[in-house]
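Look at the two complexes coming up: chain A is in both, with chain B in one and chain C in the other.
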Partner chain A sequence: MSAQTGSAAQASRAQPVRYGSMSRSRRWALRWSYFFLVLFAAFFLLPPFYMLITSLKTSAEISAATNPWWVFSPTLENYIELLTTDQYLVFFRNSALVSLIVVTLTMVISVPAAFALSRMKFWGSATLATGVFLTYLVPETLLFIPLFKIFAEVRNLTGIELINNWWVLLILYPTLTVPFCTWIMIGYFASIPKELDEAALIDGATWMQTLTKIFIPVALPGLIAATIFAFTVSWAQFLYPLAFTTSTDQLVLPVGIVTTLIKGDVFNWGQIMTGALLGAAPPLVIYAFLMDYYIAGLTAGATKG
Partner chain B sequence: MSQTAQASSVAVPRRTMRQWLKRPSTIAFLMTLPLILLIGLLVLYPAGYAIHLATLNKGMTRFVGFGNFEFLFGRETFWMVVKQSCIFAITAVVFKAIIGFVVAHFVHNIPSKGQRKWRGMLLVPWVIPPAMSTLAWLWLFDPSYSAFNWVLAQFGADPVPWTGDAYWARFSVILVNIWIGSPFFMIMYLAALKSVPDQLYEAALIDGANWWQRIWYITLPMMRNIIAITALFSLIVTFANFDIVRILTAGGPLDLTHVFATWSFLVGIESGDIPLGASVSLFMMPFLAIAAVIILRDVVKRGSQA
Partner chain C sequence: MAEVSLHKVVKRYEGVEAVRGIDLTIGDKEFVVLVGPSGCGKSTTLRMIAGLEEITDGAIQIDGTVVNDVPPKDRDIAMVFQNYALYPHMTVSENMSFGLRLKRFPKDEIRRRVDEAARILNIEDLLERKPRQLSGGQRQRVAMGRAIVRNPKVFLFDEPLSNLDAKLRVQMRTEIKRVHQQVPVTTVYVTHDQVEAMTLADRVVVMNDGVIEQVGAPNELYHSPRTRFVAGFIGSPSMNFLRCKLDREGEDLMVRLADGVALTLPAESRERYREHVGRELVLGLRPEHLTETRPPRNGEVVAPFPAVPDVVEPMGMDTLVYFRVGREEVCARMDPSANPRVGEPITLAANLARMHLLDPGSGLVLGTRPTG
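Here is the complex of A and B:
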């Protein structure tokens, strides 16, 4: 009996019905894909979701033995408290200032450099391009100790106090953002057809005009991707501010939240989660609106040669 | 003609200067000058200075040669840090690569209309600043209020000491790293998957290849480059990671989760022994250099192919 149905099924599969069976297996593959995607999405979105839940709770509810995955009496208390205290607003202002200035500096340094490296051959240009890529691979964890000592020496020599001022980060962050931005801009600029800038040069445009009138408009998506990257890195950087700034009025958000909201052994988790969520908001908002540029920049970094 | 122009301009220095400024190579040099200064002063010089610092004594008054390294080799904590850094980096990268590969396939499988939405959702961990998301994990792992332990308790299981016990703490820091990093792999692999021509799969299907053979003989060889480069890239970043370990365990319990970055921070900045901290962080250099050389070879190779 079973052999009969088996052979019948085989017969039906061997004949024109084959297409139907393929689409059926395709349908199952699709269902499984959705099933696992839901599982992975749950895993990936769990911590931010839990941040949101905790941020809506009162301290009493957080320490109660109720279901932690549900808010029984939602309140905006944490948000109001954080956004009305000067301290948190100072962190936010420091972060915003540092990130915006670093993004500007990065673009001013890396766009002309990328243009020169991708189009104008000069002595050592190939070596420099490779050097830019290698610099991008140097992590900040390798440099913070010598830089700390160098800055202390600068103070001894000139009397300029660099350490424990928020603007010291303006010197430090470009070491992380400039190499990467230059690297992906070289990639974007190199993909622009040579005929375009040759025509401009023949028409009598200067190099500067070629850059501002042709390269920047044509490579605008790359420019946006690089800008987003520079902003995200500056906003998220944790080691440099932790090592180089200590006074509460000089801290940026990530360090501010970690060091000031955790007071001794007393963790005010409602406020910490609120602070962390608000701190994660700017990159998330930018990402939500400019996702395609963000992803283009991400893949360009390692794939474009 | 240009020769005569040059010869005549020697008499007038201002014109020479202007001519020099008009030469493409000069303009190019000036355009890259800020970049060169930045790399030279803030990357190369500190890197060299670190080597110099590592040969000084704690007060930075006396040259001790390899004294700091000898001291480190004699300390058990140092070897623990080496071991933990390697375990941390390798395990995390392997799992990130596997999860990224699998999730990229699932996203690739569904109709392209919905892919953007899923991709957007799955990349969220990569977008949140690691310091912020690690705080959320720290709260999820809280010794007394852990939300995971609450769920476990509903099933009658014992609470897990997520950051209190040495093995669980290692598991936790790796888990958080995987959570943050696998979306990056997913995006890279998804881009690579899209570049594999469909005809190859169609031909394989006609030849009767099953899904495993299709992955093994088509997908993996076609994606080999991107898999290697992403993994090496991530290996560098993970090996030098600081944020996650610092916030989640601060190296504890009993220094068992320290990696190079967190330990050198503790030794160099918090304990004030800058030369010893520099020596610790210098140990990252050979590992990173090997990875960098391999990546660079690949990048240069593909650059010449294009």
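Here is the complex of A and C:
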């Protein structure tokens, strides 16, 4: 102990100013961060890279025993074939339509709902807010069989066929997106000081004006985070469309790719990879555009409390 | 023209009575300050006037009409909040004009009013900035500007200065007073700072525990408090309270303190206290009326008061001296030139023309009319 302090004292006497040790430990911390960042980046980027490589190969090259991480004779064949078949375009259109409508519906429902739950103190509002969150915790794997039952009942009672129609997803997806988005927005709205809506109230704003002119602009990052979430969920949802839609013209992308490009036990890997890659593009584009807002939103929610 | 009056106003939250029957009339263009310790119901009262809290019982009138069930926007009031509550996504001028735009005022009228308010508040250069680009004092001005442009019947302020640092607070206090002189509007102002209350108010309302203790002009509260609470709350350092006994000695009345000090009352106050002779009472004497021995100025009736200083606090203009009488601590305010020292006995002069005698049970100051 004393020897240590003694040597430390000596060292500091030899080099009076030793800021170096501070920056040295910082440098090491940085090195480790980069190491893990690269590791994780590689881990997450390898599958898309593999998809890209495979999508550029011919079926022959895929099945041949060559290096799977390299294309020897690249071709756009898979892309051309997919984009010229109506089927794939129909999947794409269904997906886009479903996602856009679901995102709109979700926002139209959950933003006012969150506003009401966080600001208008009515009887049972706190319980209701918790209830909304609990709904989100029920996984869809538990729900699709009862839903199937309900749809069958609806058909028996009204004669309306809900199963095997793409638009039924417009009813199903919001059950996943609305609770979560409402929950996020409640958090954002709760972080807005209550004097702000009181000031608006005194200034003569109605509840609706307070929502549209004050709350939505102030909570915009949160709104964008919620939008991205709703879009991602609807774009990538697999179980519900798999369970509730069957005819090829009613399918959305994720299900469409798997059901039409796998024929029996023949996997058309080139086209599957191409389809998946193209399908992943829209969320990527949206993330890229809204990334700044999204991150601002995440951190604002974290610090404002 | 706008008078605000409260009749037996009560506010009850589940279980708690925050405001317990308040009667108060605020005259047109009057500046009234509600002051009191934390949790006494000042904000609640103000928020009921604003319409942000429902009134459990009683009635509030603005300009002659009962507004109990009138929503805030139709009460024609403007409010300045402690945290300013500026809309963060709007510029200063948008913030100020928000209310007018909602009411669909013509553009040039809005422009005119915003410019006028900006001129009064000296924020003409800030009109295009966002709130986050402003300092605390500037935000405070904008919040006031937002109230002024509305041209309301009543201004409501809830501790508008407590987020500012001490120096800026004093500056903005003067500013608020100046604005009120330029734009005389009925004002209700809430603060827990008695100096702010004294300096700003036409009339001060001292609240405690959900009721009004006393209403009066600042000097009236200072010189003739009616209760021990008001006597102790107004003035800094606060009034000394000493247990004493009122005795008669021939024609003279005198108060005997715990350690045998006896002070002879001035002849004028004999009549007032005669009926209390023989009782245990509380003597109330402000530090500024307990000074170094000096030739009495006009109206002063001084009695010698021996003391041994425990703590000496030089303040520059005067020096505060703390000492004990029996078990009670007493503060005296001396001229710095008297140069008191810890442990050295001195003789102070108590100005008994300014003393009060209080009933120890009820806390009422004797010889004043009861609160009503």
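Going forward, the second predicted complex is superposed on the first by the 259 of 305 C-alpha atoms of A that agree within 3 Å, B and C clash if a C-alpha of one lies under 4 Å from a C-alpha of the other, contacts with A are read in each partner's own complex, and residues count from 1 in each chain.
Rule of thumb we're sticking to: a contact is a pair of C-beta atoms (placed from the backbone, for glycine too) under 8 Å apart; a residue touches a chain by one contact, two chains touch by 3 or more.
Note that the coordinates shown come from a computational prediction; the quantities given were computed from them, not determined experimentally.
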On the A-aligned overlay, A:V218 touches which partner chain: chain B = first, chain C = second, or both, or neither? second
Between chain B and chain C, whom does A:T175 touch in the aligned arrangement: first, second, both, or neither? first
Based on the superposed arrangement, let me know which partner A:L196 touches: chain B (first), chain C (second), both, or neither? second
Once chain A of both complexes is superposed, is A:G204 in touch with chain B (first), chain C (second), both, or neither? second
Taking the superposition on A as described, I'd like to know which of chain B and chain C A:V71 touches: first, second, both or neither. neither
Just to be sure I read the superposition right, which of the two partners does A:W269 touch: chain B = first, chain C = second, or both, or neither? first
Touching both chain B and chain C, residues of chain A: none
What residues on chain A touch chain C, complex-wise? 193, 195-196, 198-205, 209, 213-214, 217-218
In the complex, the residues of chain C that touch chain A are 50-52, 71-73, 77-79, 81-83, 85, 87-89, 98-99, 102-103, 146, 150
Going by the contact rule at the top, pick out the chain B residues touching chain A in the complex. 24-25, 27-29, 31-32, 34-36, 38-39, 42-43, 45-47, 49-50, 53, 60, 99, 102-103, 105-107, 109-110, 116, 118-133, 135-137, 139-140, 142, 145, 147, 150-151, 179, 183-184, 187-188, 191, 226, 229-230, 233, 236-237, 240-243, 246-247, 260-261, 264-265, 268-269, 274, 277-278, 281-282, 284-285, 288, 291-292, 295-296, 299-300, 302-303, 306
The answer for chain A against chain B in the complex is residues 29-30, 33-34, 36-37, 40-41, 43-48, 50-51, 54, 62-63, 67-69, 108-110, 112-113, 115-117, 120-123, 125, 128, 130-135, 137-150, 171-172, 174-175, 178-179, 182, 207, 232, 235-236, 238-239, 242-243, 253-255, 257-258, 267, 269, 272-273, 276-277, 279-280, 283-284, 287-288, 291, 294-295, 298-299, 302-303, 305
